[in-house]
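Every chain is named by a letter (A, B, C and D) in the order it is written, and numbering of its residues begins at 1.
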Amino acid sequence: MYLTFGVTLVDITTKIAGIRLKNPTMLASGIMDEDAGSMQRIIECDAGAIVTKSIGLNAREGYPNPTVIELNHGILNAMGLPNPGIEQYCQEIRQLKNSKTPVIGSIYGANTREFIELGKRMEDHGVSALELNLSCPHAKSYGLEVGCDPKLVQEITSSVKEKVGIPIFVKLSPNVTNIIEIAIAAEEGNADAIVAINTVKGMKIDLELGKPILSNKIGGYSGKAIKPIGIRCVYEIAKNVDIPIVGVGGVTTGEDALEYIMAGASAVQIGSGVYYRGIDIFKKVCVEIEQLMKAYGYKKLTEIIGVAHT
Amino acid sequence: MYLTFGVTLVDITTKIAGIRLKNPTMLASGIMDEDAGSMQRIIECDAGAIVTKSIGLNAREGYPNPTVIELNHGILNAMGLPNPGIEQYCQEIRQLKNSKTPVIGSIYGANTREFIELGKRMEDHGVSALELNLSCPHAKSYGLEVGCDPKLVQEITSSVKEKVGIPIFVKLSPNVTNIIEIAIAAEEGNADAIVAINTVKGMKIDLELGKPILSNKIGGYSGKAIKPIGIRCVYEIAKNVDIPIVGVGGVTTGEDALEYIMAGASAVQIGSGVYYRGIDIFKKVCVEIEQLMKAYGYKKLTEIIGVAHT
Amino acid sequence: MNIPKITKIIESKREATDIKTITFHYPEEIESGQFFMVWMPDVDEIPMSVSYINGDIKGITFRKIGDATSALYKLKPGNKIGIRGPYGNGFKIQGKHILFVGGGTGVAMLAPAAEEAVKNSISSTVVIGVKNKSELFFEKRLKKCGAKVIISTDDGSVGYKGFASDAAKEILKKEKIDAVLTCGPEMMMKTLLDCCKNISFQASLERYMKCSIGICGQCCIGKGLRVCIDGPVFDGKTLKNVKDFGVYRRDSAGRKIQF
Amino acid sequence: MNIPKITKIIESKREATDIKTITFHYPEEIESGQFFMVWMPDVDEIPMSVSYINGDIKGITFRKIGDATSALYKLKPGNKIGIRGPYGNGFKIQGKHILFVGGGTGVAMLAPAAEEAVKNSISSTVVIGVKNKSELFFEKRLKKCGAKVIISTDDGSVGYKGFASDAAKEILKKEKIDAVLTCGPEMMMKTLLDCCKNISFQASLERYMKCSIGICGQCCIGKGLRVCIDGPVFDGKTLKNVKDFGVYRRDSAGRKIQF
């Protein structure tokens, strides 16, 4: 099928773990996805898929403000995984049940049991796939503490995989010595796809007060500045695993998306880009991808996946 | 003593491991330090101290070009540790013997024995301190492969320490799961100071050719974009060790320097900043530090070290 | 960069019981209806509408209701806070005769709008609705600027006895009003919206805010309308399609809370 | 960003034995004396002076001596290479009568400078020094532009027999020359510098280059003069204080190599 955002007739559809996306731009977890209405709006902005906020068993208020600041070259956040808990959030997901755009449920937990419970609830309410957030850099005893241990990653992944029927994406952190080892652990745990990267641990200090600005002091760095790090991670992972990869980190243009795809990603997620280019960034990026494909003589997006390895 | 780059009378002298610096701006390793002439020029540009290129036992040509590219928010390099070997390089160091500005010898090796040998040679030829490069992200079997193992870091540090009489700085990589653990290992190995950070692993792919641009494919990301990562690392390290810290990564202005000092650094190193602001960046940053100190009511630079922890 | 700018309190002035105005140097241009994020280090950062626009000096007016506002309440001239913004869209001030309806601290952000309207030779009537006399503020300020001011109190301790929306309804019946601009309890604004069939309507909403730059989704209403960027001021046409308007808001965790 | 821009070879033309010119589309402005970094993917990226400036089309002229230049030599029209730059400072073209002295491929980068001089009505004499006739190139081009061309060959197979520097010395004795601009083997340039006591002198140097943006220190001469940024063209006054000029260069590892 040929999509036509722009004028050119190129095929920008893609597939991850059997899920077909009309285009490779997905909404990243934690951005405009606290309620059904917001996700609906992003769907109408033509995102190829939506990832929900990371949801836990119980409600969490997150950290006090300031939680998000914009730096010169990226965005720094320490939300602290605020979410209403799976019970309430399932109501939001149910409202999207008839959406043609795939909705992927992001979940975080402190242990295997929690991930399984959350995964089953998400599946029951109709998500197309799960994204295991094993990578949040700033919530104590969640995320990164789980996601930097290959054994735990494999165990959680395979345990959830056994209990649910939908595909499982594992989202990885760049804040590890060897991301390849973690990606391989996820693959060995039968993950259906890898999502990379989550934010990079960073900090900003106010000079006049001599204090870190974020209430959590340390935050996660996202946006334009981290793209070279994300590209490197996706490239390293693609060299070492066979499952599909979703590239995240600093995608704001069609060029950025294409770079991730060349590094080995089958699709990209966009988070901070919503700040840089507005909520219609998904459509903009698709148009730019089509223009670039035409300029470089590509007909199908899928033929570009991983070309940088050849 | 009161230095007067600008108009204000504030004291920007500092000290690391007993080495007194007339100001807190040091030349970072690998920048304009392949020969005595270049280092002499940087000394005349008023750097507070000079760190040499990382030197190994034998000459190394490094990787073919492209080895350095500038990205939108930082610089990506994969030099591959080119250097003429300690034998030839000692001639360069000897020429700086009478310099009032401290010269710190950076060395890399594949094992403890090499580090000891290099350290002794550097000491013989008159450097003020050693910087152990345990962190180069892109030279195989050197640097990062050594620097991400706390046991090796402690062993190398303490072994070199036993054999040389000059202070030992250990330079760390941000490409690890837990930089605190590595810093503690260096401290337990009796390091006199920690230098953080080396470059962040990154990649840039050319879209038209679908190829990584650097000949080594993966490179080290430096410059403006990485400052929040460096600040976070210095802050984390300062919370956990008692030895002085030298902050590196994205320092281009007095504000950047001050932010590192507030995070816990006793001095800063400048690398990519030489590209952004020219070779006279050292003086510029000093003037800016003085102006900020006046604006915020500080008299002595040393009273600012680590204020973000209070 | 979008980080707080540290500024010093110039003046802290009590306006009524538990209500204060603080002013500070902040040269950025701001329109009435826009808001700041106000950082009290080690406490919180909260959204606050601008209530004074006086060249480089700006002000906010707030009620002490919790941690952050209590911290603000205690600040003295010379104390430092962090300000960023302005955020949001502000009011469109158009028409021949505008009715401003402020409930509680809602009047704080309407005041600069009413002043601007009068300056633009628009007839301006302001309803100030408060629970009782001790909570009343900005009466003098608004009269002085040339607006017609009507007070309503729940207990009748001064002015009209009843809700501000009832007072407003009576005015709407009597006078030819082009536009209603309101800020206050959402139920009150909802009631007003229902009365404004053919009258242009703008309401300023409050939702829990975290990023204030339109990415975290915390403040969204309806179909992903972000109060921090698409609002805080919405027109009647938009609000009629927002199911949650006057029905529920979400707390810091994203849980729905009925009004 | 400072990354190679991919461009297609428009023409590849043999100039002499092992010497070719290739031209490509590269709209950036460039001055004679400046250079590009030329990327042959999977091979190397090397510095190359501009030898043709023709609106949006630029050219380089090179001798096949190793991996990268051999790869360049093989390229056909339509093949892609990466170009970045221009880098460096370029010549200052001033005076009434300029003597250009090119040794070997050095003449390649002098040609656009000589053309510019003639265009600015400056009398221009060009010495082209090569080993023998088979290596001679740009004679016609330079004559056509209006420069006076003198050929010297080591073996006397054409023109003056001897070194280019000797040919130049004779001219300096006979004619009133304001400025000498030279590029070629460093010993030749050093000899020339020694003859130019009262004559303005500029020489374009070659050093191993890696970053080309002034940070890696690979190309430095004297007291930290960066050939990539402070050069490649240096004046006589500067070069007199550079101890390594004509004495040694450094290889890719930074080892000194005597000329």
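Heads up, the rule we're going with is that a contact is a pair of C-beta atoms (placed from the backbone, for glycine too) under 8 Å apart; a residue touches a chain by one contact, two chains touch by 3 or more.
Treat the numbers as computed from the prediction; the structure is a model and nothing was measured.
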| item | value |
| --- | --- |
| Interchain centroid distance [CA atoms averaged], chain A/chain C, Å | 37 |
| Chain centre separation (chain A, chain D; CA means) in Å | 51 |
| Chain A and chain B, separation of their C-alpha mean positions in angstrom | 34 |
| Contacts with 2+ other chains: residues of chain C | none |
| Multi-chain contact residues (two or more partners), chain A | 71-72, 204, 208, 211 |
| Chain contact graph, described as a line, ring, star, complete graph or other shape | line |
| Contacting chain pairs - touch in the sense defined above | A-B, A-C, B-D |
| Chain B residues touching chain D - in the complex, by the definition given at the top | 30-35, 37-42, 44, 53, 59-62, 64-72, 75, 77, 79, 82-85, 88-89, 204, 206, 208-209, 211, 213, 215, 271-272, 274-275, 279 |
| Chain B residues touching chain A - in the complex, by the definition given at the top | 71-74, 76, 148, 175-177, 200-205, 207-208, 210-212, 217-218, 221, 224-226, 228-229, 231-232, 235-236, 255, 258-259, 262-263, 292, 296, 304, 307-308, 310 |
| Chain C to chain A touching residues, read off their complex | 1-4, 6, 37, 39, 41-46, 80, 82, 209-218, 220-226, 244, 250-256 |
